[in-house]
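Just below sit the structures, each encoded as C-alpha cells.
Below, subunit A partners subunit B and then partners subunit C, in two separate complexes.
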Partner chain A sequence: MVRVKNRYIVVQIVPEVDAGKISFNDSVLSRCVMKNVGKYYGEFGIGSTEYGFRVKYCNDKTRIAVIRVRHRPHRFVTSILPLICVIGDHKAKFRTLYTGATIMQCNKFIVKHQRDVLDKTIGTIDSAKERSDFLKNIMEFSVD
Partner chain B sequence: MSGYYYIDFTLKTKETKEPLPIYVKGSIEQSLRTIYGEIGGISTVDLIKFDRETGRGILRVPESNYVKTRTALTLISKFQEVPCHFQVHAASPVILGLLKTHVEF
Partner chain C sequence: MEITRGYYDLCIPFSDRSKLKTLVKELIELGYRTIAIEQTYDHSKKTGEKRADIFPAPEDLSFLKEFESKIKIFSRLTIIYTDVSVSHPMSKSVNLQKFHIIAGQPKNDTAWTHCCSTFAGDMITFSPDDPKIFINRKTYQVAINRGLFFEIKYSEAIRNSSHRKDMIKVSHNYHSKGKSKGVLMSSGATNVFELRGPYDVANLGLLFGLSEEQGKNAIGANCRKLLLNAESRRAGKTFFVMTAKGPIVFSSSEDEGSDDEDSALEDDAMEGLEIDLQQPSKKKRFT
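Right, the complex of A and B next:
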C-alpha cells in the first residue's frame, strides 16, 4: 500500500498595522498562497501543490492558520511564504511557526504557543469578564 | 563533462517568414517562465547557432537545467501567435555528439 504523506504548516498572520482588525478566511488564504506559488513556481508549482492543498484551521482572533500540503510540494509553499506581503486586501505577512507531519503535533504546538501568549497578556487585562472571554477565544481549537 | 548540454532543434511553423534568433530565444525563456515561474524558471539559455532559412539551431543549457529546458521546449505551441512546434533532433553533453550518424538516414 502507498500512503499519501502530508505536511501541516502552522502560520501566523502579521498585519502591517497592528491596531486595525483584519479578517481573513480559508478561501482568501488559499487563493493568496496559490497565486504566489503560481507566480514563483509557475504552472508546474500549481499543478503539484493543488492536489491535497487545504486550509485546515483558520482563527481570526489569534491570527493563526494551519495549511495542509502534500509532502514534497510543501517545499514550494514553505519557500514562498516569507515572500508574501499582501493577503486578500490587507498588507500582511506570514510567519511560519511550525511544520509538522500530523495535525495532532500542530495542535500540541498551537496550544503551547497560545499558552505562552496567554501568560504574557493576561496580566494586562483588568475586568474578569474580559479575561474569561479572552481565555475562551485564545484557547479554542476546532479543525474543519 | 563540460557541465553543459547541447540541443539540436528545428522550429517548425506554418509561416514562411524567417524567424529572428532573438525571438526564438525569447519564446524559449517565456515558456520556461510560464511553466516553472520566477524562481523555478531561472536558467541560462544560450542560442549558440541559428539558421534563419531552415529554422534549425543549437541550444546550450547547463546540465542541471536540461530537463526543465527540454520540457519547456516541448510545450511551446505558438511562436508569435502562429502555431508551431520544436523538433529536437539530438541532445548531447558533447557538441560533437550532435553530428549526424547513420542512424538518422
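Right, the complex of A and C next:
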C-alpha cells in the first residue's frame, strides 16, 4: 500500500532565562518555523515543506511540541531548528528530542520522557498539593 | 587512555570557573559524555619576551572533579599561526605534551599547507574571521591520510549572519574538495544558550554539506578516532582499546607466522573497538 510518509519531530522549547514564564501556541510555533525555513532555504524551502506542515501538539507547561512535516523536506526543518534563537516574542531555542515516523511512537516517547522529568523533579517539591498539581500538569497528554 | 563514550564536544573555550561549571552541567543534561576544554595560543602575535617554553601550561581543571563520574574532560590547545617556524618550538615544548589534543588554526595558505602536511597535531580548525583560505584537494588528502580531522564550530554559525555564510562557504569547500571526509563538529560555545543537543548538531550538518551519516559521525565516531590518534601521538605508539563482549576465548591460530607481515593492520585496528581476529586473513585474501 502506498501512503504519504511523514516525520514527526518532538521538540522542547528551552527559554534563555530558565525561570521566566513562556507562553506559545501552535500558530506562533508554525509561523516561527516557517519564517526560518524561508530565511535559510528561500522559496523552494517554503514550497516543499508547506504542504503537510502542522504543529500537532503543543503544551506550554511542559514546553513540548510535536511538528509534522512530510518525509524528505523534513531535513529542511530539522537542520534549521538549531539556528533559531527567537520564538514568538521570547528568546528561546529548540531542542530536538526525537524524530519519529508515526505519532504513536512520539506519544510513547513523550510519556517516557515526562516520566524521567518527573522522577528528577518530584523530590524537590515539598507540599502534597503542589505535588499533585505538578503531576497533573506534567502527565496530561492528548493529541488533537 | 580510558574508553570514551559519545556524544563528544571537543571545543569548550576556557573561561571563569562558575561559567564553566554551568556549561558542563548543561552539557551533561543534553547528553554529551566526553568534552574538551580549549585554550588558545596565538603565535602570529609577536611578543618581545623570550621564554623557554612559549606554550602555556594547561589550566588546572580540578574544580570540575565533581562531574568526573558523568563526563570525561580533556584539555586541548589551539595554536593560531601564520608562520611555519612554529614547528620548531613545538617539537621541544614540554607543556605541549601535557595537553590531550592539539589543534592548528592556520591563517594563510602556506600555514594551511604546512598544517596539513607536517603539523604535529590532531585537528585543523578555522575561524570565520579569516575564511579566505584556499583549500587544496591534494593537501586535504594528505591531511586525511595522516589522520588529521577538520573541525567546524557551530556556535559561530548561530551567533551572526555573516559568520554563518563564511562557515557554510568553508565547509562546502571541504565537501567539494574532499567529500567532507574527517569532518567533526563541536560547539565552541561561550554561554549555555549557544549549546545545542547532539541530535540538533547532527541535523545541522546538512547545512554544512554533510550527509546524515557523516553528521552523526561528526559528533561520534570521528571524535573517538581523534582521541585515539591523539593518544598515540602522545605515546609515540599506535593505540587501540579492546573491549570484550561475553566470555573471552583464546584460540591458537595456525598461521601465526603471518602476524608480523600484517603489522599495518594496527592502523585499521584503531577504527573498530572490537578487533576481529579474522581480519588479517581476510585482508590477505583480497590483496
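Simple rule for what comes next: the second predicted complex is superposed on the first by the 142 of 144 C-alpha atoms of A that agree within 3 Å, B and C clash if a C-alpha of one lies under 4 Å from a C-alpha of the other, contacts with A are read in each partner's own complex, and residues count from 1 in each chain.
We take it that a contact is a pair of C-beta atoms (placed from the backbone, for glycine too) under 8 Å apart; a residue touches a chain by one contact, two chains touch by 3 or more.
Here the structure is a predicted model, which means the values were calculated and not measured.
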Clash-or-fit label for the pair subunit B, subunit C on subunit A = fit
Once the structures are superposed on A, label A:V111 by its partner contacts, choosing first (subunit B), second (subunit C), both or neither.
-> neither
Is A:P82 in contact with subunit B, with subunit C, with both, or with neither (first, second, both, neither)?
-> second
Regarding the shared-chain residue A:T96, is it in contact with subunit B (first), subunit C (second), both, or neither?
-> second
Looking at the overlay, does A:F44 come into contact with subunit B only (first), subunit C only (second), both, or neither?
-> first
Check the residue A:I122 against both partner chains and state whether it touches subunit B (first), subunit C (second), both, or neither.
-> neither
Mind telling me which of the two, subunit B or subunit C, contacts the most residues of subunit A?
-> C
Return first, second, both or neither, reflecting whether A:L135 touches subunit B, subunit C, both chains, or no partner chain.
-> neither
Note down the smallest distance between any C-alpha of subunit B and any C-alpha of subunit C in the overlay, whole angstrom.
-> 6
Do any residues of subunit A touch both subunit B and subunit C, and if so, which are they?
-> 40, 79-80
Subunit A residues touching subunit C - in the complex, by the definition given at the top = 16, 40, 75, 78-83, 85, 91, 93-99
Residues of subunit A that touch subunit B when the two form their complex = 37-45, 79-80
Footprint of subunit A on subunit C - complex, ascending = 30, 154, 157-158, 164, 193, 196-197, 199-201, 203-207
Contact footprint of subunit A on subunit B as seen in their complex | 33-41
